[in-house]
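To start, the structure under review is shown below, and the notes come after it.
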Amino acid sequence: MKRNPLAEIMLVLGGLLTTAAYFMTFFWAPPTAYPDGRVDFAQKIFYFHVPVAEASFLVLIFTAYYGIRFLMTRQRIYDTKAKIATEVALFFVLLTMATGILWTKVEWGVWWQWEPRLTTYFILTLAVIGYFVLRNSTEDEERRAVYASAFGILVFINAPISFFITRWLESIHPIVFGGGKGSGLETTMLVTFIIAQVGMLMLGYAFYQLRLREEEFKERVEALKIEIGG
Amino acid sequence: MAESAQANTAVQVRDLTRAFGVRKALDRVSFDLPGGAFLSIFGPNGAGKTTLVRVLTTLLNPSSGTASVCGSDVVTEAVQLRHRIGLISHNPLLYPDLTAEENLLFFSEMYGLDDPKTRVRELLESVELDHRRLDVVSTFSRGMLQRLSIARALLHRPDVLFLDEPYSGLDPHAMDILDGLIAQIRGDHTFVMISHDLDKGLELCSHALILARGKVVLFEKREEIDVPEFRATYRATVGTGVA
Amino acid sequence: MNEIYSTVIPQAPYIIGAYGLIWVALLGFVGMVFNRLRRMEKELAVLEESLKRREQA
Amino acid sequence: MKSNSWRQFKAILRKDIVMELRTKEMVSSMGLYAILTMVVYQIALAEAGESFDVRLVMPGLIWVAFIFMSMLGLNRSFVHEKDQGCIEALLLSPVDRPVIFFAKATGNLIFLLIVEFLSLPIFSFLFMQGRAGYGNPVWLLAVVLFGASVGIAAVGTLLATMTVNTKGKDVMLAVLFVPLMYPLLRAAVGATFAAVIGGPGSVETFWAFMAWVVGYDAIMGLVAYGLYEFVIGV
């Protein structure tokens, strides 16, 4: 079994960076304020919520990419990779949802608001869950792989359409909480954010590699079982 | 058509492998079947019989190796190949809500036949279903369905006929009819049959193939087969179980 | 000062909740995968051993 | 070769229509379902009172009915292909896989439109009598119905081909279908709303929403067409 030390390095590095970002968030990055001068403490969620959200979108690219690769080559490894990518995406998507809901509660006073990002994200969450429900209810291995690949590609294409239509809808029905944010970030804030983002991507990569190793193990066990006695 | 079926090789299989991940449904299968032959494929459940037939009928692509039927490659010349093969399965593969005639006409259109009406009438007569041609297929008995499905398989005058356990679920009478029909068309077709029934398979075949765990255990001409020994080999494969 | 920071105390539980959640989830994921990897390694060892014994036999 | 594909397309479509005329399976179950939904809507709106303007929720209500109804029909459309293994016979014949996609999708589209155009007047008859009428010409509604149904049929045909081979077909189709349908439904409801309520600028809004519908149809239809060959082959 080829050991991939990069996964461990990334795991440690990602852990360090996100921890660093965690401290920087509270002790280094300056607090932002509401227009009336009160401190906007909830803004701190931003440093982790956004990196997780962006990581989830990035990982979904791999779902679609490996889905296409699988359909072209019919090599099971690509389906496995697509599946793992979607798993990691689901993990990030759920975290994004959870942190997003907490932020919404603080800033808008409600747990949920049918706002473009939230709406799109909700649909995306359902679609990603649907991906796994589809996998579980298809028995034949190859069929499962083909269906999952096709659905993964559809989800990947559908997500931006959902996003843009909700955005576009908002622009014709303006909502009270229009972004209203200060343009651009201060350098310290930006640095904190970037560190958190890079760390999160490294963690995402490490998760992906670790899961992949597990799947490779599983395949070897399966192969051995066949060899030993069918 | 008949001449080309008699020509040298009807089915050529070279190192055919069909794998998904570590599981190999077919493992380097190779054999040549001359035109006009009748091949019976035996093997336990999960030995790869169905996969083999599905690859040869272009429904599945091989992972590696090549296969050709009537000189057409299963991957690159799939469309030509499909014109020259027919399939008779234990499933009738007919639309139950269409009449016998509508079913055959539909498949004639799919094959782009020139004069579908005459061809369909002619076939219905030959399987003795002419009088029921306006009846919906769901009213047919098992034997009638099987006859109609033979007519369907012969519509486009294929050279090679694939039979996927055609005898399963047939009553003795329907079996006799099927025997008769096969005997009738035997001369100008090549047959590839999946069979669970050793006696039936050996009775019909000119060549026999035993598959186990995706591999060819034995491929022999009927004349060269020593039946008791063959039986023993077959029995041994059943124990090996599923690949 | 009090005025300015009046938002911090009521908002804090949510912020802490969010960060706590992320950390627990990340750790949970890593722990789970490592745990399964270890179990898989054991299973693999058992199989390889029995294969070796078979070959010797 | 091309004319052959056209012949095959017509044959599959004709077969589906003949079978539907004979069994009336899809249209009758979908139609019945639509009518039952309206009964449920009556219950849902029972306490809303006479002053409540049904037009505000009507676009949403009809699309809720249509989306669930279409899932019912899409499921049916593949069950009989699968039942006796007919799809295998179809795949054995020298037919290009996209032809099957187009023929099945067209058939589904036709059945959907029939039920939609039958149930919409019934909906108006039951809920809109004696109320303010439509704000815009009714043919705009026909445009949305057609536009959105194209997308439903295209994506639905692909998904139904998959889910017919899964455990729990019907539920599975809903799980996959609704998230993918979101943008289309949202635009369809918006367009329907603009058509029903009317008022200044509503026609522009209507066409803006229709642009979304058409865009979705084009993109997702193309992807569904591209993926179909893979999905039907296994």
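Note that the chains are named A, B, C and D in the order they appear, and that numbering of residues resets to 1 at the start of each chain.
Note that in this section a residue touches a chain if its C-beta (ideal position, glycine included) is under 8 Å from a C-beta of that chain, and two chains touch if they have at least 3 such contacts.
Worth saying up front: this structure is predicted, and the values here are computed from it rather than measured.
For chain pairs A-B and A-C, the one joined by more C-beta pairs in contact is A-C.
Nearest to the common centre of all protein CA atoms is the CA centroid of chain D.
Relative to subunit C, the chain whose mean Cα position lies farthest away is B. Subunit C and subunit D have Cα centroids separated by 44 Å.
With centres defined as mean CA coordinates, subunit B is found 49 Å away from subunit A. Each chain gets one centre point, the mean of its Cα atoms, and the points for subunit B and subunit C are 53 Å apart.
Averaged C-alpha coordinates put the centre of subunit A at 16 Å from the centre of subunit C.
The set of subunit B residues that touch two or more partner chains is empty. Counting partner chains per residue, subunit C has no residue touching two or more of them. Counting only residues that touch two or more partner chains, subunit D has 233.
Interface note: chains touch in the pairs A-B, A-C, A-D, B-D. Within the complex formed with subunit D, the residues of subunit B that make contact are 57-60, 79-80, 82-83, 85-87, 89, 91-98, 102, 106-107, 109-112, 136, 152.
Those residues of subunit B that touch subunit A in the shared complex are 20-23, 61, 63, 213, 240-243. Interface residues of subunit D facing subunit B in the complex, by the touch rule stated above, are 4, 7-8, 10-12, 14-15, 18-19, 22-23, 80, 83-86, 88-95, 233. Across the complex, subunit D is touched by residues 71, 123-124, 126-127, 129-130, 133-134, 137-140, 142-143, 146-147, 149-151, 153-155, 157-158, 161-162, 165-166, 168-169, 172 of subunit A. Residues 3-8, 11-12, 14-15, 17-19, 21-22, 25-26, 29-30, 33-34, 36-37, 40-41, 43-44, 47-48, 50-51, 54 of subunit C are the ones that touch subunit A when the two sit in their complex.
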